[in-house]
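Below is the structure I would like to discuss, written out as structure tokens.
First chain written, first letter: the chains are A, B, C and D, and each begins at residue 1.
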Amino acid sequence: MSDFRHAVRVYVEDTDAGGIVYYANYLKYMERARTEYLRSLGYAKPALFDGLQFVVRDVSVRYLKPALLDDYLQITAILTAVSRVSFEMQQSIFCGKQLLARGAIKAACIAETTKRPARLPQEMFEALKSYIA
Amino acid sequence: MSDFRHAVRVYVEDTDAGGIVYYANYLKYMERARTEYLRSLGYAKPALFDGLQFVVRDVSVRYLKPALLDDYLQITAILTAVSRVSFEMQQSIFCGKQLLARGAIKAACIAETTKRPARLPQEMFEALKSYIA
Amino acid sequence: MSDFRHAVRVYVEDTDAGGIVYYANYLKYMERARTEYLRSLGYAKPALFDGLQFVVRDVSVRYLKPALLDDYLQITAILTAVSRVSFEMQQSIFCGKQLLARGAIKAACIAETTKRPARLPQEMFEALKSYIA
Amino acid sequence: MSDFRHAVRVYVEDTDAGGIVYYANYLKYMERARTEYLRSLGYAKPALFDGLQFVVRDVSVRYLKPALLDDYLQITAILTAVSRVSFEMQQSIFCGKQLLARGAIKAACIAETTKRPARLPQEMFEALKSYIA
């Protein structure tokens, strides 16, 4: 079970002419939180390691309330499923106690050179399974 | 019924260290295509107009095959639903005949100053309804 | 004289297919550091405040060595000049003790509505002058 | 001598909460134009080819007037210098006849694997020299 939270400040780069955070940029925040969550579990370079990489297969986001310039956000990451070749996480974006957005992703492991599906390292598979919420 | 397609070249800015287009950047391509589709229907400044703006409420993307540097992509946009305060579109990303990703979005109309829900202009509502696939 | 440093982690979003941080993204890091430096001086929302905004008039960057995925960077910000309508900063990007890039920017104050040149608030002008290196 | 121009539409992704194009994004536009210019000279994959890649060593931009959402821009690219290991270009960004920004870059050739300086292929060096303005 995870209470992992990663803090993110909203900078000008993240906003758009509508005065809010651009919708694609929430996916950046979500990935930062996933990266830091995996780092906290001991995977220091989770995006590219040992000839493997994770690619997102599915993402969905529901936007409830816009984040604004200078907001200080908290992004959660919870492991909800792990298989031999993929994992799933649920994530939420908060400003204070206000829930701004909720999302889910499924990431698959592929070989860096061939870009074809590959198995998670056995110890990573076992470890991630033990962290499922 | 729409056969709208918008062409996008993949530049270095779009790619990541995994050698593929970064997952959030497909949402940029999808929005460019929606913008050009609405422009083709006569809405020259569809993102911000008459004190209104559209914000995305829901997005989902399934990634089937990665786009690569210098790929020349075609992004479709099809209106699938329109209400007084929102519309929905389905979108696909192709490289040649290969389907790379599929997505769906729901966008809501809000007032630019208050950021609260607002009605689509009547003529826009009527027009968009007539374009539903 | 400023020893201000802002820490930045390199995430996948920042990198490109060349395996390094995309050259435009160093400007994002530099702006985050400027923002946090001004925040540390008491300007909580330095980008947009009191109907004023700062826009960059000039930027130059020399790239010495590429930043890589997962690098933990330190970005400095030093005020080098202040006028009634603008300020200048010099910035460096370090990974450990290694200097990766050096840059300089000049930012001008404009009115948010008209986008025309505007004076810095008097107390801000006085305060910034006192921080010149 | 080059009259090369590349057209770019400003989308929401490019803008910021100040209502203008974010300053780092002009560097994206400039790189798109350089890429298309090199493509027009016969270099179909100019960013990464034959184990080589180009990295920017120096960039400078002067911002004269902000680009706005939905603007249709023209970006020029002119070769001003070529050596065995680098080239330089000058670039301008126009909206209609209005000059919005001017920049200059120096890009160096490096080996993709070692990231160390490398020579341009001889025929590319000769060809680029013949295009110097």
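Going forward, a contact is a pair of C-beta atoms (placed from the backbone, for glycine too) under 8 Å apart; a residue touches a chain by one contact, two chains touch by 3 or more.
Note that the structure is predicted; figures quoted are calculated from it, not measured.
Chains shared as neighbours by chain A and chain D?
Expected: B, C.
Could you say what rotation angle superposes chain A on its sequence twin chain C, using C-alpha positions and rounding to the nearest 5°?
180
Same residues or different residues where chain B meets chain C? The copies count as same if more than half of the interface numbers are shared.
Counting shared over all numbers used gives more than one half: same.
Based on CA centres, what chain would you say lies at the far end from chain B?
If we average the C-alpha coordinates per chain, C ends up farthest from chain B.
Measuring centre to centre with CA averages, how many angstrom lie between chain A and chain C?
Once rounded, the distance between the two centres reads 27 Å.
With chain centres taken as the means of their Cα atoms, state the distance from chain B to chain C in Å.
So the centroids are 32 Å from each other.
Where the CA atoms of chain C average out and where those of chain D average out, how many Å apart are those spots?
23
Can you pull out the residues of chain D that are in contact with at least two other chains?
Answer for chain D, listing residues that touch two or more other chains: 12-13, 17-20, 24, 28, 31, 47-48, 69.
Touch graph across the chains, line, ring, star, complete or other?
Its topology is that of a complete graph.
Considering only the defined contacts, which chain B positions touch chain A in the complex?
Where chain B meets chain A, its residues are 17-20, 23-25, 27-28, 31, 47-48, 53, 55-63, 66, 112, 115.
So in the complex, the part of chain B that touches chain D is made up of which residues?
Those in contact with chain D are residues 9, 11-13, 28, 31-32, 35-36, 44-45, 47-48, 69-70.
Of all residues in chain C, which touch chain B in the complex?
It comes out as residues 12-13, 15-20, 22, 24, 68-69.
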